[in-house]
Amino acid sequence: MPSDDSGGLLGPLFSGSSADPELSDRALLQAMLDAERALAAASARAGLVPEEAAAAIGAVCQADRFDPGELGRRAVAAGNPVVPLVAELTEAVTSEAGPEAARWVHHGATSQDILDTAWSLVGVRALGPILEDLEAAAAAAAGLAETHRVTVMAGRTLGQQALPTTFGLKAAGWLVAVEEAAAGLARVRRERLAAQLGGAAGTLASLGPEGVGVVRHYAELLGLAEPVLPWHTNRIRVAELAAALGVVAGVLGKLALDVTLLAQTEVGEVNEGGEGRGGSSTLPHKHNPVTSVLVVAATRRVPGLVATLLGSMAQEQERATGAWHGEWQPQVELLRLVGGAAYRTRDLLQGLEVHPDRMRANLEASGGQVMTERIATELAGPLGRTGAQELVRRLARQAADTSRPLRSLLAGDPQVREHLDESTIDQLLDPQDYLGSAGELIDRALAAHRARRGGADRP
Amino acid sequence: MPSDDSGGLLGPLFSGSSADPELSDRALLQAMLDAERALAAASARAGLVPEEAAAAIGAVCQADRFDPGELGRRAVAAGNPVVPLVAELTEAVTSEAGPEAARWVHHGATSQDILDTAWSLVGVRALGPILEDLEAAAAAAAGLAETHRVTVMAGRTLGQQALPTTFGLKAAGWLVAVEEAAAGLARVRRERLAAQLGGAAGTLASLGPEGVGVVRHYAELLGLAEPVLPWHTNRIRVAELAAALGVVAGVLGKLALDVTLLAQTEVGEVNEGGEGRGGSSTLPHKHNPVTSVLVVAATRRVPGLVATLLGSMAQEQERATGAWHGEWQPQVELLRLVGGAAYRTRDLLQGLEVHPDRMRANLEASGGQVMTERIATELAGPLGRTGAQELVRRLARQAADTSRPLRSLLAGDPQVREHLDESTIDQLLDPQDYLGSAGELIDRALAAHRARRGGADRP
Amino acid sequence: MPSDDSGGLLGPLFSGSSADPELSDRALLQAMLDAERALAAASARAGLVPEEAAAAIGAVCQADRFDPGELGRRAVAAGNPVVPLVAELTEAVTSEAGPEAARWVHHGATSQDILDTAWSLVGVRALGPILEDLEAAAAAAAGLAETHRVTVMAGRTLGQQALPTTFGLKAAGWLVAVEEAAAGLARVRRERLAAQLGGAAGTLASLGPEGVGVVRHYAELLGLAEPVLPWHTNRIRVAELAAALGVVAGVLGKLALDVTLLAQTEVGEVNEGGEGRGGSSTLPHKHNPVTSVLVVAATRRVPGLVATLLGSMAQEQERATGAWHGEWQPQVELLRLVGGAAYRTRDLLQGLEVHPDRMRANLEASGGQVMTERIATELAGPLGRTGAQELVRRLARQAADTSRPLRSLLAGDPQVREHLDESTIDQLLDPQDYLGSAGELIDRALAAHRARRGGADRP
Amino acid sequence: MPSDDSGGLLGPLFSGSSADPELSDRALLQAMLDAERALAAASARAGLVPEEAAAAIGAVCQADRFDPGELGRRAVAAGNPVVPLVAELTEAVTSEAGPEAARWVHHGATSQDILDTAWSLVGVRALGPILEDLEAAAAAAAGLAETHRVTVMAGRTLGQQALPTTFGLKAAGWLVAVEEAAAGLARVRRERLAAQLGGAAGTLASLGPEGVGVVRHYAELLGLAEPVLPWHTNRIRVAELAAALGVVAGVLGKLALDVTLLAQTEVGEVNEGGEGRGGSSTLPHKHNPVTSVLVVAATRRVPGLVATLLGSMAQEQERATGAWHGEWQPQVELLRLVGGAAYRTRDLLQGLEVHPDRMRANLEASGGQVMTERIATELAGPLGRTGAQELVRRLARQAADTSRPLRSLLAGDPQVREHLDESTIDQLLDPQDYLGSAGELIDRALAAHRARRGGADRP
């Protein structure tokens, strides 16, 4: 149930963002009532419903007048919560404003119109804080990229030290990923979360010739996109939201995974900030990267939910026999999980403690192995690409097997020395001198970041 | 959050079984406390902990002494709810029985020991009512199979009427499927839900030489299977439970899908019982198959959750960095969804209204088309398999295109008439006479059902 | 293996589109070689590589010079096919143009640069024909929408006849869905399929200060988007392609599901065209909707693949330990499945046979039940919304239970007759007169279609 | 397509096991022919078909008489490859033995009978080598467990060094996991892979009163389980196979993940054996753990496929409109991926190079931090559990922050020294002395292994 999934014994571990209140039962109920209110008002604009009736309906469309739990219990008989809500709303309008006004409650709509519209509203409202958290996370990543523009560390591929890179470039990679993912989510929010109004079979039959006009007013009043057609069984919009959330989750999961790897005891290049966090029930020395772990945990659950929502696109004829109902909880769960992960990632990046000394030490521990590409490139002139690769491979393996620094093997190898003197070898082995375009790439990422902050992708 | 997911605005649509209380926060908390109590008692048996300390610990292991919401909030800092629970438990034991007893709280265990064991207990407890609902559903299917042993209807393949079958055989298919799926679930419950105890790294280090003995007592006290090794990052058991639930969901989803198809306006061969159910917010005549629809909706969500749990098996070293935490909510959600679906399927089958007249009418509406296999088989003697198939295919197509009954085309075709006279044609077109082994198959299913009810697969 | 997955015993059932050749091993190999050629040419533009060397490299970058099977076998030792390809390419350039040119093969790149770029090229190339098939399918849907603008049929919700609609509106729904999904796919193709070039750790180290410039030339030469940063472990682009394909699959699966439902023996409102298709191995009369069935089959496999690719976004540090390798086959499989489904849907819609008489007959078979909303709306004035709903519900149930037409029960009910005379009842029960905005909605969909065909979303 | 998926440019990276030939098109085709042969022979046994006809049919049921590619192309029109195969088979029997024998080809069966039975045969045959590879992998793990019974290393939880453990216990964990997973797979192979025979609607109608007897003979002849009922749309067996493969994949993926983590440059405790493997296209020093990486890659693709097969259980009435067709390729892909992963894991464990010195060094690098639990347990007597935990936590943090060994802080702390003298501290900090039940647990795992090797779970 929306309102409480963020609470209880386990909920707080996977939620916590300020999007949570927008995902509560009360928020969903209010969104349903907002849809009913807008329907009445739009119909009044179109001249189908008396203004006073619309006003009377609008006046009672307040979530705190209704009991979500009771509505939920009564929802079972009809298969959705709109049926009992319309009954209670009709009763409330009758008692407040008389039967003539009550007659216009839910006029022209079907349950799915109200619930789909409510989900769009919930989406718009919950994505606000989520996009803010992502923006703040991106800003924190940008800060790390700037601060650590020349902090040299090992680039690691397949778990092995490969080449030098900078922590700044790694942070820039996080920045670009978070911003691109957020941009996709913002686009769905802006363009794709739409009003739904089609009536029982999508023809707007009970609104007579004014149907299309009512839809336009309804969407405007709600601040939602106006669709070309009712989309009762065309679930692209739901799928696009799910997919965009899935992409964000993927980005956040990768970032948190990086942190857990960098925080390993044997690596120790970063650790999570925050006093009193990451303790163990039995190991006093532990400082577990719990924030990252919780982000990883949340994001691992996302692809299965996205798959469920993609699979739910197979909806029969004019209303599905189950696939629509199956969307509701996964959708709210996706929003909550991604919200929690975004909120935690912001926190994680803002507090991340970085250890440049350890980065340098780890890099140097390999005794020059991470510079083999450069040596081989240098020797490819005289020896050819394949020959150079083979020579350096042999020496590197020998260095590893004998625990000797690669430098001394290079310096002692006659074939190498034919082409490189000792000082050249030393220079070629300097990681600081082999960072390629790292700095320029960071600048590109920061420039894109600054452009974006001024631009259209903001939430 | 477990306790409330079955409530609220949407929860009741997907829960409702008597397994729900076993899936609440309170139930999970009690299971954690049961594990702590058993740990102390087992250690006392092994002589590691004073009997009085164990008794004192056991005495405070009552869920209503603790506040799940507060524990949940405090869980975030440590990444799991056991850390704050152990703190509170220690405090409670201290205040009730003094520090000497409190010293033995959680002795030798790690958070995951307690939580994994608690999940096994929750599984055992929740599966009880779920298996009962499945058994009752199977009994109802058996009743339908018996009652409708000779109720002829169209067998439908790829949505097309194919051959006659009986509703009894269809119900027998449901019966076998439900029972086979339930048997798999019962097996996991009986054999695979295990105690977990390994200490921080799985060596039982802080229990000294008595570790393995403590595990044995602990499992016995809890009524759970005793594993060969601690299984902190060997998640087969979790995956097996998920898979067995996934299989049950698949069976229930197929059954409910069949009902929705048979209940279509144009088919009308069954409808759901239950007064006042299946109404629409706008269409007074609707009698929607809502129970089936809710079963379909619930079961469509299951494969994604199973995939999440299978994917979560990739757990690092001696404790995962996220994949373990990611198991918790999907696991309880799986149990709740399958529980709700089992409960609804029981209800559905117990109340199902079957319309033999409509079945017969639908079968006859095709004018003999469903008997083409038999005609072709009969003609395969004289005409060869291919020739007979082609002749009958031609006549069947002609009958369909001209809306004439196939009987008259057969009777009017000289090639057919060379081998079959009119009364033979009439007999060959009688669906009641072409049911093959339907009755015998139903008997096999019922015999297996009766054997099972007396046997070992019962919950 | 790409090249043959579209062949063999099962492949043709799930492929068949003219995108298939773009998904073959040979096509992937050529794309890898195109990347190597462009890398050399871009480096030459930047002054890093001699023009003649680049030309010599480019000249041998032809797929038919290499044996995909042999490369595949040799790929196992390195974990990817680029390593043996670079070895063979170096050898070929050496033999054609000497070691000096060969030295520049693969200069500055890492395996993932070549393979990721190749996948982007494969995506761009395969999406061309896929988008054409979708466009043709949309055009066919538009044709159906126009032709059947006033073809009345039952709108069906939860499998039950609900209200009248038109087949034109149903086809317009398909049209909008196909076009919106195609637009999303076209956007990914145009904006997101990017060149990859970062070198071993993403710093472009071995290209010295010219790295970023080389990337720009490289992307331009290949006609791919230029990324802000290398995206070795930022897999948004891969996920976005997968998600867009997932959305297309969802739309096509829904459309095919509708056809299978409309083609049921008892509904019979459409059937697939095509002589000699849909036969059975044993039932001569069967005309199975096999094209739809194959579309459904293909699209059901898509969400799992999308989930795999979303899950694969969790890529470690500067190069993943498995998640990258796990992308390759699912990605090509997604393209093939969606390609096959798009091609079949085009075929399906172009040949669909529609039976307006049967639609009308099915609608009338309910004896006016599908008009209850209208009657209740009319009576809501005098009786109030709730009262009117209840009265009509009672009469509709009674009509269903007694198999009498609703019209006569309405005409015979005193409360109804107080407000409606017989001719009004007759008029209210006329489905043709209760289509609401169906025609206007079709016009909107067709207008959007025409606008799109002239516009930017075309492939 | 089965036969070639293990070849081509990418196939070899994800296949390679001796199960591959059993997954080829030719093998599937032979399995289909085996089913047709057994059907004829079973019918002959039951007296329905002349012995000579059955013999004649059996004689032509040889895969090399048929062209899978041509059958595949012709399969599209019917939606499955059985329809063209039956046509070709009929033709072949006619030409070899005359029309009277040919008349009995496929007698009584439907396409799904043949294809489902063929898949069961393919499963049984492919699982043979897969289970052998798993057995060999288990034996290798057992060898590692024995050899490294006292090889001390750091147990790592959430990526942090936690407590000492042994490499032997880690290997024992792999052993138990592999064997338990293999046992589940062996059970499905033995008990659940069943013959399918029901005829077009599952009634065995065209076999007359002998239907059930024919099924029994058919299953016996094929060595497959005999089901209670035809299971055309009861897909438990397919789902159970998928789930068991999913569990195996989960286990293998975890094992490979462990290896990649232990092989990290900064950890370096194991590396993959094998000369000339794990090279990079640009980095001469790299020795990537490619075997593990390929296992990880393969196993990450599995949960999505299992979800697809679980989702495919929703099969309509007596034959599905797509969900059945959607099973075929995912099923063979699952078998191939798990087969490849099993084969690689065997290879990986047999060649694994273990570095006990590095394990010891990594453990000691923490300066005693991994022994905090023991110190705290010791101090819990005098200080209480909470007090001891807090004291040790403070000292451990201080040691980490100041890079001093924990030993000296303990020795210098007055509160500690009140209860522990220096030699006690030294002893408490000895990891070799704090392995708890590690050895006994290894023995349990090895005993279970030996019992299993003699027992019923062998393939």
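By letter and in written order, the chains are A, B, C and D; residue numbering begins at 1 in each of them.
In the analysis below, a residue touches a chain if its C-beta (ideal position, glycine included) is under 8 Å from a C-beta of that chain, and two chains touch if they have at least 3 such contacts.
Note that the structure is a prediction, hence the values are computed from the model and not measured.
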Set of chains adjacent to subunit B and to subunit C
A, D
For the chain pairs A-C and A-B, which is connected through the larger number of C-beta pairs in contact?
A-C
Whole-Å distance, C-alpha centre of subunit A to that of subunit B, is 32
What is the distance in Å between the mean C-alpha positions of subunit A and subunit C?
24
Residues within subunit D bordering two or more other chains:
79, 106, 110, 156-159, 162-163, 199-200, 206, 257, 260-261, 279-280, 282-283, 288-290, 293, 296, 300, 303-304, 307-308, 311, 321, 373
Under the touch definition given earlier, write down the residues of subunit C that touch subunit B in their complex.
154, 156-163, 260-261, 263-267, 279-280, 282-290, 293, 303-304, 307, 311, 362, 365-366, 369-370, 372-373, 375-376, 389-390, 392-393, 396-397, 400, 406
What part of subunit D is in contact with subunit B in the complex they form?
79, 87, 90-91, 94, 99, 102-107, 110, 155-159, 162-166, 169-170, 172-173, 176-177, 180-181, 184, 199-209, 211-212, 228-231, 233-236, 239-240, 243-244, 246-247, 249-251, 253-254, 257-258, 261, 296, 299-300, 302-304, 306-308, 310-311, 313-321, 373-374, 377, 380-381, 384-386, 434-438, 440-441, 444-445, 448
Touching subunit B in the complex, subunit A uses residues 1-14, 16, 25, 28-29, 68-69, 71-73, 75-83, 86, 106, 109-111, 114, 199-200, 206, 256-257, 260, 276-283, 288-290, 292-298, 300-301, 303-305, 307-308, 311-312, 321-326, 328-330
